[in-house]
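Since the structure comes first, as structure tokens, the remarks are kept for the end.
Chain nomenclature is as follows: A, B, C and D, assigned in order of appearance, with residue numbering initiated at 1 for each chain independently.
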Amino acid sequence: SSDVKSKLKDAELLKTDCFVGGEWTGAESGETMPVYNPATNEVVANVPVGGAKETSRAISAAADAFPGWKAKTAKERGSILRKWYDLVVEASDDISSIMTAECGKPFAEAKAECVGGAGSIEWFAEEGRRIQGDVLETVNPSIRFLTTKSPVGVVGAITPWNFPMSMITRKVSPALAAGCTVVLKPAEVTPLTALSLAELGRRAGIPAGVLNIVVGDAPAIGDTLIASDTVRKIGFTGSTGVGKKLAAGAADTVKRVSLELGGNAPFIIFDDADVETAAQMTVSSAFRNAGQTCICANRIFVQEGIRSQFVEAITAVVNGLKLGSGFDEGVTMGPLISPKQRDRVHELVKEAVSKGAKPTTGGGIPNLGGKLDQGYFMQPTVLDNATLDMKVYKEEIFGPAMPIITFKQDKDAIKMANDTEYGLAAYFWTKDLARAFKAAEQLDYGMVGINEQAITSEIAPFGGIKHSGVGRENSKYGLEEFLQLKTLVMGVGYNKTL
Amino acid sequence: SSDVKSKLKDAELLKTDCFVGGEWTGAESGETMPVYNPATNEVVANVPVGGAKETSRAISAAADAFPGWKAKTAKERGSILRKWYDLVVEASDDISSIMTAECGKPFAEAKAECVGGAGSIEWFAEEGRRIQGDVLETVNPSIRFLTTKSPVGVVGAITPWNFPMSMITRKVSPALAAGCTVVLKPAEVTPLTALSLAELGRRAGIPAGVLNIVVGDAPAIGDTLIASDTVRKIGFTGSTGVGKKLAAGAADTVKRVSLELGGNAPFIIFDDADVETAAQMTVSSAFRNAGQTCICANRIFVQEGIRSQFVEAITAVVNGLKLGSGFDEGVTMGPLISPKQRDRVHELVKEAVSKGAKPTTGGGIPNLGGKLDQGYFMQPTVLDNATLDMKVYKEEIFGPAMPIITFKQDKDAIKMANDTEYGLAAYFWTKDLARAFKAAEQLDYGMVGINEQAITSEIAPFGGIKHSGVGRENSKYGLEEFLQLKTLVMGVGYNKTL
Amino acid sequence: SSDVKSKLKDAELLKTDCFVGGEWTGAESGETMPVYNPATNEVVANVPVGGAKETSRAISAAADAFPGWKAKTAKERGSILRKWYDLVVEASDDISSIMTAECGKPFAEAKAECVGGAGSIEWFAEEGRRIQGDVLETVNPSIRFLTTKSPVGVVGAITPWNFPMSMITRKVSPALAAGCTVVLKPAEVTPLTALSLAELGRRAGIPAGVLNIVVGDAPAIGDTLIASDTVRKIGFTGSTGVGKKLAAGAADTVKRVSLELGGNAPFIIFDDADVETAAQMTVSSAFRNAGQTCICANRIFVQEGIRSQFVEAITAVVNGLKLGSGFDEGVTMGPLISPKQRDRVHELVKEAVSKGAKPTTGGGIPNLGGKLDQGYFMQPTVLDNATLDMKVYKEEIFGPAMPIITFKQDKDAIKMANDTEYGLAAYFWTKDLARAFKAAEQLDYGMVGINEQAITSEIAPFGGIKHSGVGRENSKYGLEEFLQLKTLVMGVGYNKTL
Amino acid sequence: SSDVKSKLKDAELLKTDCFVGGEWTGAESGETMPVYNPATNEVVANVPVGGAKETSRAISAAADAFPGWKAKTAKERGSILRKWYDLVVEASDDISSIMTAECGKPFAEAKAECVGGAGSIEWFAEEGRRIQGDVLETVNPSIRFLTTKSPVGVVGAITPWNFPMSMITRKVSPALAAGCTVVLKPAEVTPLTALSLAELGRRAGIPAGVLNIVVGDAPAIGDTLIASDTVRKIGFTGSTGVGKKLAAGAADTVKRVSLELGGNAPFIIFDDADVETAAQMTVSSAFRNAGQTCICANRIFVQEGIRSQFVEAITAVVNGLKLGSGFDEGVTMGPLISPKQRDRVHELVKEAVSKGAKPTTGGGIPNLGGKLDQGYFMQPTVLDNATLDMKVYKEEIFGPAMPIITFKQDKDAIKMANDTEYGLAAYFWTKDLARAFKAAEQLDYGMVGINEQAITSEIAPFGGIKHSGVGRENSKYGLEEFLQLKTLVMGVGYNKTL
């Protein structure tokens, strides 16, 4: 870990323990596990193998801290969150270095994630003060109807490795703003970013027990969170498969669950699109974090007339990408998260090619030389002539490959776009007002980008439909997930003097 | 069934078939099953034993009808719902007769349910027009952020026998108002009220396939609804046990689920309460529908100083109740829904007495004479000296028995009130402003009645927390359950002329 | 008046008295004044010359009725309004006949106004139940913050002759839904439609004094309303000049005022517009009610490249219009409201022609023959080559003339469109998404039609900025105008037991 | 001014010029006028006598700055406001010193005002990002209805001397957050606090021209603001008389106006109140800022049974007050703002005594010795036996005197409380839930304190009804005053491919 540590202005941000009840603590067993740099396969740090025991302790700590945290005013909680935001912004270079080291994404992408992730903290610091109940128009002159909103209780947050920071702040910030306390399980391969956030939170004055982090044995931690009746809400981002299991498990304790699961995002380029911009943005979306985001362009639908122009343009853009370590100047794409993941994507590409897809660029595993040859890299790949029977069409690729499919009629594109069990993000390019509204309405997705691939913001609801999940993060809706409604029905008929 | 039919102004409202795709239809097997009058054990009618096949057909019908229904404007849908409301109000005597016949509740209670149930139809007819997305304040001058809300798709509604009408209209009306289509499984012992509603809906112009009803084999129907990937949302009211199973099953298709489950409602009578009114209202709550409601007073906590006065008052009120057939003049309490249910409640009472509880009235099974001796009646029972080790304290009684527990300090009452896995409705009586707010806030329940037991209204969110469920019915929140959010992110930076 | 009466199914709807405190009543002086048919100059009916005395009595009646009406639940008020809506829909043929007779607009236009006007009643019948206060997130654990909304009190409504019905229902329905009582002064030249509405309201169960109408001497009535300290809110639609005077007068009693004043609506036809549709819709807007609406197309800006095509198209559409009595089959344009108004418009046209405008059709006063020669008709007129120095550019035309101005750059059109003190409605035609958003944003108007001229609906806020007014009618915002906010700050710190 | 300057940590905060277009500038005439310390009659500083010319320049500067400020995102504006908030909090000792010097209030009160005033800046910094339009449920499948909200334009803010800071931040912060630019006229006797705020705003990055301040000749500045057609909104806090004139004047340019005018606040002590606490809080309210607040207790209504107890308690509390310079340790009440004001209050007291009121303490002008004998002090005065014919009952006292009136029935108190043309703030003390709700509802006031006198917070709407004003400050409603609504009606029927 000396390697990363040396990059940090504040070396104290590289924490390698669980954080429970305000204390940095190892696993009871004393066991640890390595965290690797996917660009080089080097060990970045060793962290405890937390499990059921550590999770139970964390849940207890969160439960103990709940009444006190809930009793604070939203303004008080907001001030602490605001302080956390300030510290995170200040430390964003360090957080980004830790993130690049354990996740592999280019430093600039890590910085961008820091901005967005901090944005969620700031947003919910403010939003918590705006929680609001209703005074309803009564149906009976002797009764007053009010509603109030209160925190759901202890929250379990389970987050993925592809956005080691922002997936956390989207869940933890609204939970804390609402008055909930949290037990967080970050992805086992990217725990360090999470731990740096906890350290900054501690410095900002988040009281002991309000935010707890258990790293280590993912199934053991997850199962303990799910089984606990104390945990009243699970916020999960990850694969559809795991999400379904969590949701099923949560039923027995009637937990509330929000799930941000997989996607299979269509990109539709209508024939009146600005082709150059569309090509640029398609690549930005498809190969962000080496294609490892749930809202990545997964299937590119190009309208007949502009097809060759678009393929040419996009190939040129992809050819301009530079692979390498996220710390190296000019690098625009890093490795995949693991050899397994890299090989899976490689197989998908080979299957597509075997069925007739033509790579206009990429398609294989690069030789980058030096330490990077131990990294888990894959060439960014454009697959022309993709067809509906290929796995790259049917599955979430989660890697740097993009299949291109041609369509004739507008309706054909919509139909193919909706031909998936997923419903997270869809995108299209057109300049036509009516086409824009109608296509947006007909796409069965939770988010629709129109002439734009950067659809994420703290102000905008993020989330999917169908098998891509339930619930929304960020925006005013993201807070509702952590609140429960109470209806007050007050009889005042006994007073006869007024 | 001639008996009920003869009470109806419009005999055509007594339907005895499934309603699928706009057609009245039997089970494919041709099998039927009887519906009993719980006051006399007589058969009211025979209905088909629908199952997986009928449910699958109904789901298909709903899926086919969905695009057309969704494409109507909310105003058009609202007009049809309004017409339905008008017809239901007009037919309320007949609906009430059918309800009393199959469910046993006094006719006046059935009428009251009709008013409330129709109220939900009217409310959502109006509310559908008020669905509203957002135009958000952008974070980027080249982007416009909008959100829209659209219907989730085909909805499965599963409803209980204790409110054969209103539990349906709370789910079906918002679903329809939102643009969803519905497959409804009413309780197998009270299908007839549901079918009369469908007939009125048909007359009101609800298009074929938009509302479907399958009656019969409850597990087969429920399992089919849960397993279907076409069904995107389940609205369930019923037992906590069944609800948990449904929620677990729904996870595999990432369905949205709202659950209104069991309760164990505390009634706290603080020492500054108006004792007479509190006693009256406690009985109204505890013994409505013979104690078979999920928000019934289940545990009565009386503050020391007013205990004897309260027990005396409440005993007097209970002694004034009259058991009998819901059709008979002056009857204020009917039978339980089944012999099994009656015997279960009787056992609970006996267990309490064996542990020291003293019935001040009731306690056994009455002899009412004539046909009623075949009915499933139980005496309304007040159990003084109840203690925390009794089942009547720990379990949902769902019958006409109420345990009375004494407390000293305010905090003791709150603590005992919260000492349950349930969190549906709680009630208390006090005239003190601060006590009212603080007690309401400290009670971990979804609904709190203060000096009032009639907490249900179309305007007020209904639903629980903890193991009493997730989601809300009625009110503006009740519509949200059937809507999904879409975020539109529109790039407009390409235009440089403005 | 026999002439109109004979057209009515329900002759009792032709009322010719003031309506005060639930009674039909003449002026104290016994004086009456005639109401003319502008198509023939015949007298339709004679109505009382109400003035200060009648208005004071009406204000008193409204004040007396206020506490009782306010004390009803919103649901009760909504039911009465709903009944009113039903009766108005039922009587819409009769109301339309009365309207055509006194206002001159084609019967089909009158019917359309009836639909829209009734729509406001229905909307606010529903909306009143949705009035909602807030339970705020406290800043002090010992304090609870609530807000509530209550009716402002007695409302004075002053309405114009160009929409004798819908301008009334937009004001009276929300006022009544909010719990206010009303004194209405309809335009002196079109009182009969208003009186028919009052009669239907009476039948619907609006209690005596809740809705009062005074017809007659406009300045005397208006001054009395404005001077009264009992009247807490004025809702006015009319000329900018009168509106300013009313607002100034209202200051002395700190009344709330909403004003819907004049407009000078630009219609911009961008070069990617669908020219035929744009031409059709421009005529629909410009010559609805013979050009006498505040949101009429007043200035047509056509982008250079499509100018000749557009002028040709629009001239053809205008040539297809048929002038005549609103009762006659096929008539699509009626007379102006008065000879004075007709002459004013004629002068505007002549001034434009003298400065170089070229009429491609119309331009003068038609000879229609028979009784119609006594009517106040003007030919629908298209003025090509209009320039910025003409009065038709600078003033609100309020008659059937439309000046056409050519522009080159998008920005030029926006600049000219905003070059007026008015800010009511603007319109433009384009298919481009970005142009649509940016032009809409840059137009300083309260309402913007994009590819659409029919911008009025009960769901959509109606109102202007700049010298076109303050406040909004219809929509959820239209109710706010009649509500006042109350902040409740409740100290609950004295209770120490919870 | 050396005296105040010496108290400041940052002497640069004592500005003595107008602030226009980002520049500190004198009057064109070169004229200046003194600002006095009301505790000693010493000159604190000399400031320019700005008038029509300076105001016109400020309006131009604001108009020039408007497009740029509006074009920033709400997030950008919010960041600048946040920075301003941070600087104000940091400088709060200095601001408070300036405030005490020119306004006379005790330093601790000045500090409290600083906290509250800064709170408005923070609140609106956040609130601006939450401005939100609507996507409405269409009534026509070919049309989309949206609403947006945009800043009204240049705002004129006119503020009083009794809260030299918080009355400014309540207006300026929401205006700036909304995207408006501002010309502020602070009270002529307390300009220095305003100028210090401007200096901090400048440092925080508020661009030149966005916030302008003109000090000097009040009528000339006010008239210019009112007459200008560029100024689209006036936010005023001050006397009812001036407010009415401003509103009347604003009508000619159809400005939007919000007015926070005078009050005549009733304090009702019901017989179940906590008398000691009520007495404490009554004094806190009545004699804050020496009784010079618009929400001061003006009339004390005590229920018969607790009258003598209450009078005794309140007299004791008042006797504990200490008069003197706001800078002196332990001082709890300062001088009035001017000799004229002091004499007016003295006259009111004398008139009351002449009609039978009995001062239980105070009643005259104190001899405080030293420099303070030149100050404008008045003894805090309790007037027992007050009656309804006294001016202290009928008028806003605005000084340290409180008349006490006894009542029998609850309804009597409500009736007397409402017996005034004012409707700003009312207060009452009771522990009864129903009495609390019903009294709150029956009091015709914009704000109601229940067991609490500290009713002001950035989260709570502040404002009155009747002759106390229109509009609300602070809270989410406070931003609406600076926004105008735009309805977008988009025709999308031309597209037939989707």
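Assume contacts are C-beta pairs under 8 Å (C-beta built on N, C-alpha and C of every residue); 3 or more make two chains touch, one makes a residue touch a chain.
Not measured: the values here are computed from a predicted model.
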> What's the overlap between the neighbours of chain B and those of chain D?
Replying inline: A, C
> Going by the average position of its CA atoms, which chain sits the greatest distance from chain D?
Replying inline: B
> Where the CA atoms of chain B average out and where those of chain C average out, how many Å apart are those spots?
Replying inline: 46
> In whole angstrom, what separates the CA-based centres of chain A and chain C?
Replying inline: 50
>> So the centre of each chain is just the mean of its C-alpha atoms; given that, what is the distance between chain A and chain B in Å?
In response: 37
> Of all the residues in chain C, which ones touch at least 2 other chains?
Replying inline: 129-130, 136-140, 147-148, 431-434, 436, 450-451, 459, 490, 492-494
> For chain D, which residues count as touching chain B in their complex?
Replying inline: 71, 73-75, 128-141, 146-148, 430-434, 436, 450-451
> Within the complex, which stretch of chain B touches chain A?
Replying inline: 136-140, 143, 145, 147-148, 150, 152, 229, 232, 240, 243-254, 256, 259, 261, 274, 277, 421, 431, 436, 440-441, 445-452, 454-455, 457-463, 465-470, 472, 475, 477, 484-494
> What residues on chain C touch chain B, complex-wise?
Replying inline: 123, 126, 129-130, 144, 409-411, 414, 432-435, 437-439, 442, 459, 476, 490, 492-495, 497-498
